[in-house]
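Below are the structure tokens for one structure; questions will follow.
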Amino acid sequence: MFPKNTWYVACSADELTDRPLGRKICNEPMVFYRAAGGVVAAVEDFCPHRGAPLSLGRVCDGQLVCGYHGLVMGCDGKTVSMPGQRVGGFPAIKSYPVEERYGFVWVWPGDAALADRALIPHLHWHDHPEWAYGGGLYHIKADYRLMVDNLMDLTHETYVHASSIGQKEIDEVPCKTTVNGQEVVTSRFMENIEAPPFWKAALRGNHLADDVPVDRWQICRFTPPSHIIIEVGVAHAGHGGVNAPDTHKVYALVTDFITPETDTSMWYFWGMARRFNPTDAALTAQIREGQGKIFSEDLEMLERQQANHSAFPDRRLLKLNIDSGGVQSRRVIERMLAAEQAASGRGAPANEEVSA
Amino acid sequence: MFPKNTWYVACSADELTDRPLGRKICNEPMVFYRAAGGVVAAVEDFCPHRGAPLSLGRVCDGQLVCGYHGLVMGCDGKTVSMPGQRVGGFPAIKSYPVEERYGFVWVWPGDAALADRALIPHLHWHDHPEWAYGGGLYHIKADYRLMVDNLMDLTHETYVHASSIGQKEIDEVPCKTTVNGQEVVTSRFMENIEAPPFWKAALRGNHLADDVPVDRWQICRFTPPSHIIIEVGVAHAGHGGVNAPDTHKVYALVTDFITPETDTSMWYFWGMARRFNPTDAALTAQIREGQGKIFSEDLEMLERQQANHSAFPDRRLLKLNIDSGGVQSRRVIERMLAAEQAASGRGAPANEEVSA
Amino acid sequence: MFPKNTWYVACSADELTDRPLGRKICNEPMVFYRAAGGVVAAVEDFCPHRGAPLSLGRVCDGQLVCGYHGLVMGCDGKTVSMPGQRVGGFPAIKSYPVEERYGFVWVWPGDAALADRALIPHLHWHDHPEWAYGGGLYHIKADYRLMVDNLMDLTHETYVHASSIGQKEIDEVPCKTTVNGQEVVTSRFMENIEAPPFWKAALRGNHLADDVPVDRWQICRFTPPSHIIIEVGVAHAGHGGVNAPDTHKVYALVTDFITPETDTSMWYFWGMARRFNPTDAALTAQIREGQGKIFSEDLEMLERQQANHSAFPDRRLLKLNIDSGGVQSRRVIERMLAAEQAASGRGAPANEEVSA
């Protein structure tokens, strides 16, 4: 239950060194590697010779070489050569449109003819001098949409992350969800509250007092297929909240790229881009460690939630106001899926219909 | 293949502290906790909001709070409250009749309307000054009835527990099985034999000579659904065996409460209540350790036996005279099951039919 | 997909000590033990009493005794005795023709009436003063035919075993495959090359110069059901290659007995019999360690290849000239299977048809 004619994050750019990387995405085993000139390529992780996984091979002079019998695979899924063989008649394997951008490798698992690189979201903070970024990757045995739900309803912070970013005011202040075409936004603004421990540390990291009341904001933006960017931060109270001058606040983006592995597992690329004290590498490391710990608290909850859903597939779940962000995001996903299915039933789809 | 309109041991009382305990029983995920005043409660381990397991939550002021979004669940399966929500229309989840008694929490997984607390077996030794008790819990990946078979045919002691309680005389002396309504009794009396190591240690623990001939008894009593209490012990020979005065014997009850988890796994609550030297805590610990080791010897046998049964589901097994206790006990279980099914096909059953 | 009316290696002789050994072969759980006089016997690993695995039992005075209730099982699958029981009516379990020969225990998993001990292959090197042998066993989660493919196409050495026995000349020199009845032979002869590290060490182990050009040979012989013996070695160049006098070469046999466990797992008995410096036990140990390391390099490749095949069962694989040995070997296997099925459809088959 995931759209395939869309861009997903496949790996972080630094996961791709001089060796191939095998990773299953949208139920398809893929192998990623750096071809000639370091350009990223991806093909099926299945050697057309005898079905060996190409990811157990190596990259020689920018070419992917099967580690079993030396078949050389091209970026386009066509065999380039094999010792002692004429390869013209070898069957091709799938190749996948890929693009290295913003520190990630993006992959389009569906119909390659429809892949439009202009649809890769613009990550404006990447390599920007006013911003610093740190992040990581978790593998989670749950439907990727459970993570969409999780991130579009931050009331769970009060319970799951009680010792770091949770606080009772999140429960007390209602959130507001709006839908703008394919974008879903759920926002919550808390005024004149005490900052929770994670944000106190961030204030100190920006050389700001942490013992004064703050205004806190959470603006979650879902865009398809499953990217969620959350504006987060606190400002000393009374300076305008999210709009306060940078000298009175700590402002950051929680960046979440959620990639289905199978129907019940996902690759979760999490990170934080902050717009304060960007040159402080120790602060980057400290925030990354804190965020990694916080997000690890969600893993057991989501995996056990998935186990309950798998055991009781027919049970209806509630859709409350706090769930609105997730519910609306799922609707966007469902519309994409319906369009994809309609298009595939009709032959080559118009590009805008698939991405609409 | 287990009756559900009956009482099973869900956990020992001391497993339930200030945190909820998740445990699957009869294929149903349940969460146990201490509600107001320490009274035990049990509901489905499934939050009606988004299907999170309630056992990952916490108990606050005697109320079960979901660890994901703070839904407060009542003992009756009805949502009490949730931050920012009106909960009147929330669907109820199942609640289970539970009772803390004799150091155990008992649960009735079936039709709550039929739960009769008078049917919980009376454990007369509990908290009795002449008795001491120690026990434990094993999780075993086998049909619970394989443990019933195991405990109703103690000839296996000769082979599985050769170094502790086994001895050749168990094989040599026939057992006798009788059925009294729902109770099945298999007994064996061995006279003028050498005590095996476990019982020699018990004699010493009761300050009795361990180097003289003894009479030994094993009286296994099955009562439904799967409780087995075994009178065990040895007396110095010639003093009347099981009826000898306490000054010449060591007398104890092996207590076995076997609770199905799934069709092929069980929770096995084992223990020993002894009626000698009851205030000697070191002796209690020593016996508990010895018994734990002995019962651990059964685990691999039962799990591998289950694997064989799963691989060859159609093979008929033998029903010998030594198996009579297990065979008769299974018949009692089958009658309970048939009555349950007949009743459920007919609407509300008469209580005595279900338990008959 | 394996013939059953044939001999497989079940275990090495030294795996069978004074305890029974449980091992699944061709999907059948078997238990092997040394009966009276040390003679090997094999029966189903399933006690007819209650389905316990007999391999958890013990061997007493040459008899297999069930570890659960003491049933004594005969070599013929008929119960010999059981404490307190008349066993005449007990159902028999399967017994398997077995033979200890050449340091291995051979088993015939199919129709015992057809078992012909003359069909066990003759291992002429066993216990021969001019030969030394070392070997081991790996359990691999892959169809046994993937190992047949592997061993009948040694071009993979260049890639999988690059640091030990691989070299580019294997890829450069074509192999030749011939079929002689049920025997398939794939051979490759490389002349005037540098010996790879494994063979340099072997030359030194035979007190021969390792820094001179050599001729190298690989002659793979498949015989059904899945035995592969490979003549391997190097000779100082120009002395006749495989036919060079022993004073100028190192000559050995790689011995591979591949036994299906299930449809997607195997027991792989690997070894090397060498015809040089046979009394040097340290050399035997060194070669065994080196070979064990080399063959361990195949495990991940085969298991991941199997995973790909299981995920894409309908994909056609290529059959190149280098695959000819495996392809022809699979045809022999398929003919055996077809003959077996035809025979079983017709009643008792003529022996030569089954083994033809």
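Think of it as A, B and C in the order they're written, each chain with its own count starting at 1.
Keep this in mind: a contact is a pair of C-beta atoms (placed from the backbone, for glycine too) under 8 Å apart; a residue touches a chain by one contact, two chains touch by 3 or more.
Note that this is a predicted model, so its numbers are computed, not measured.
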Classification of the chain A:chain B interface as same or different, half of numbers criterion: different
C-alpha-based rotation, chain A on chain C, 0 to 180 degrees, nearest 5: 120
Distance from the mean Cα position of chain B to that of chain A, given in whole angstrom: 48
Residues of chain A that touch two or more other chains: which are they? none
Within the complex, which stretch of chain C touches chain A? 149, 153, 155-156, 158-160, 171-172, 174, 300-301, 304-305, 307-309, 311-312, 315-318, 320-323
Help me check something: in the complex, which residues belonging to chain C touch chain B? 29, 45-46, 48-53, 56-57, 65-70, 82-85, 90-91
